[in-house]
């Protein structure tokens, strides 16, 4: 079976595993206060060309989003999200569990823009409604799209104007930054966002997300929020070691690059074979429209995820490539898909 | 420097690491629904001689405690804890963050007993007060003590009588079960508790706690609570693999046994050298009373944690042994301590 | 100035006030456990032809909604609401503050129907999403519409099928039940809903909402939830006295009837004068489309509320009648409005 | 039966009732934005000799405490309270329901002092524990004591030193200010506290508590917090009218004075009759030790509350006087009590 189910099916990239194995019995300070974590902070700051942002290592994506949002919002404040946003759809109400409403906008390709934010903001007029205070975006989005620099500058601008925090969920930031459609640089990030995270779990790490807090007023006491939210990791040094390895010499981008190249090859092949895509993706997730009968047959050969029914006869399935996807797997997958569509 | 700071300073026991390394690129289903997790469930159920309990793998201790308690309590219900209880002292209000009061009892050696529970229960008389509904105990306790079978049966009995759930935080269950003072068997646990957890992080695992839900009425929808609380781990199979290794052939007990033996050797040596213990511990944590001047000198030679001032001149420090502690380290530590007290 | 701003501008109907004045120094048991509250429960049960439902008196609408919903939902469960629903728009996230997501459906006239509920339910497929567990409707809706019996039976049916609780926010239940479009009887209510409330504040009472809990499994410990949510009223007997007066001899319906008749007269006159309505209302709220220049002029003569811009030139304003609105006020208002539109 | 159960058994003082009756059909702006509320703010500011504090009117005591505390605390912050504090004992976890731990200190007479606060503060050392950020005191305390000016200055001083907010629950502030032991002036309050409330419900009002926010940085968005917490009252003007009446010409103090005088007469008589008091009260609550057999007999003649067992034979009961208590009632109560103890 060819695995195209997701980008977190395997423990870690072997290079990451080796780092951990080699350090197996080293003695470290707990809770992320260790030297490994400090070194990881250092290389990330260098990449961001930003020495002033605070960087923390958390365990997982949902935990990261809810911790950041509950940290930056007052009880009556809310976060604006695209309808497809991970916090809105796929976190079992983890943000609401911290007391905050997610204000939903219907965006295109999983993206928010200036108008949507402005509209959501001005719909909330007084103390009888929640107060919009943060904007949540995902990059890459949940449908595989990426933001351009000018789109992000627009969002930054409207957030500044309206007094909103801009937070980027970068669970798949690697493939976003390596996307052919991307024109943002790592050094742009700190000035675009009040806070963002850099996902490790979906890009070759065993676990871990790096939270970067750029806005000075949001930095205070973030470690209290991590623990209060239940997300403090005794062996935080494990995440530090991984992020150091991912960022010390470009591994993070290489792994994301592999994911994207494999997805691109797959996409081109699928289109050539007559398949249509549900969303226009330029990262490692492809949303393919297939017949239900095809889907059934396919499930014996490729591991994939079913997204939803599209019509009586059709459905949308998802193929995801990862750091571990190999060219021969894509070729084989394409052979299967071509045969299926003959 | 000899490391006696805690039992989570090192990544994992080498045998655990090897399992992960060997499986590095294996493809697994996500979110704990994989075969490794199922195998781990199987061996734990065999150990417990209990095929009906639900077993889930969570990431960390605080996350585990707050997830279980928020899952089993209604909004107006509260949990009874010893004053020294981890949920009361060391979780930055994570339980309260889910909306529940921790009712505090002043116990001895970090333990609750029938009378304390009864008193706490009957102090709450009507709907103007929180409703006690769960009892939280730690075994081993935060001060190194362990519960006897008769103590636990007493607690079970009073909980049954008063309609309370009994939950055991087993972050250090390994050293408790291997303690010379322990007379509980693994097969006793499911009938003693409504839920409990088996700690991996502090006994050789890289990360992970196994939650065992014994009470039928508490089983429903627990996976929703994990995700809602922010603690769902995409690569849950990593924890499954570790717990399978820990429990398939007795490794878990062996590691705990090492911790206990090292602690015992250290304790006896310290007492022989004239030191007094703050608490009577029979597991891997020792709370030693030393002079402040000694503490200062010691900090160059042994890594330990300061607990608190005891008097103007004295303080309490903590030594913790672990799966990785070696006899020669204990001997060297004792040599240093003897010299210090000369 | 003619007051058409809302239905809670005045303290209370004089008959209510007289009851309170007469009882001013009577001694009562606190917290709603008094005889007045019991008598009020009795007359409401008679009206509902239902002796088994539990009835509680709360202080205000938002407090009522959040208390009921937090009482009946587990942490990971969510409530389905129409986009215009009071809990979604006008409660500053009070429901989310208790930890629960509000799942939003775009309904017509502020109503949910079978299809919307079904769709919202089936969109949530597993533990990575919130679990829909309750359906919130308002009757009358926030735009002035009312549900028919067959619509409610449809909702009841789909809720039964899907295992959902059906809760009706009856902040304006009086005008709904007295609406010309209404064909529900009071005795229908207990079998249609798991819980509902009967609003006093917007129908002549000084304050107070009666919560009726019909579903046996939701009754337990509701008084704990009231206090836990901060809504317990020491002088609960004040609400009991009012509801007894409102329901002992039909006053509640009379007051609602006045509101509706005044609104109907106003609506017909406005339409005759050439105004268009934004929503099709059959209760005491009218949403009138007027030019912005008209609105400005009008604000010196009638107290009303501005709802939103409709276009560059037009806006939607709201007129609300109440128990206290008099025919001559409506006539004068119509005179002003006719003049304005000439 | 003589009513000594509590100070909220009756609707309101007749003068309050008259004000409401007279204004029964007046038209007011909703949600506390009306002129009556503004006038009430004005007279309270005059009394406090403080024009800059923000004043809001809330519905009830528990709602007030939880709203203020959830407004001023960040998620990981906690409030320090005396063990007997209302938020700790009698609010069914309403503060914890907003996510915050109540740190409990064992005080004397329901009071906190400098040392207790300091100790609670320094017990919390890092991000693995909640961060103490507010101090909650009640004045009068739950056991009838009052704070002296020097005690409050001490608390203010330690709070300033440690960066803590000082909040006073003044549910019974009237009897505190009128107590013979009181030496605080109304004009002292704004500089002593970051926020406090002035209780209406227990001193002759029908309902209502005035929240005074003195600390500039806590003022922002408080109305959002009121609504978010479920405590916004559509007819807020009703509270405004009452507080204006209570404070425009000294009625508030007169009513409290009556409560205190009646309690004092009762206390002296009881002591003369040989009874002992459980707490040393100088306000309107007396905690009397009586035999259980006496208590049983008494319950046919006086309405009182049972506090707890004191021993096998004895118990503590509570007598509370109010604005409505009359001298002849106290005389009769004393006659009964004397007879009982003969």
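The chains carry the letters A, B, C and D, assigned in the order they are written, with residues numbered from 1 in each.
Throughout what follows, a residue touches a chain if its C-beta (ideal position, glycine included) is under 8 Å from a C-beta of that chain, and two chains touch if they have at least 3 such contacts.
Note that the structure is predicted; figures quoted are calculated from it, not measured.
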item: Longest centre-to-centre distance from chain B, chain (CA-based); value: C
item: Between the pairs A-D and C-D, the one where more C-beta pairs touch; value: C-D
item: Separation of mean Cα positions, chain C and chain A [Å, integer]; value: 42
item: Distance from the mean Cα position of chain D to that of chain A, given in whole angstrom; value: 50
item: Distance from the mean Cα position of chain D to that of chain C, given in whole angstrom; value: 33
item: Junction residues of chain A - those touching two or more other chains; value: 75-76, 91-93, 97-99, 127-128, 130-131, 224, 227-229, 232
item: Chain A residues touching chain B - in the complex, by the definition given at the top; value: 1, 3, 5-6, 8-12, 14, 17, 20-21, 23-30, 59-63, 66-67, 91-94, 97-98, 201-202, 206-207, 224, 227-235, 237-238, 303, 324
item: Residues of chain C touching chain B in the complex; value: 31, 70-71, 74-76, 98-99, 127-128, 130-131, 221, 223-229, 232
item: Parts of chain A lying in touch with chain C, wherever the complex brings them together; value: 75-76, 78, 89-93, 96-102, 104, 127-131
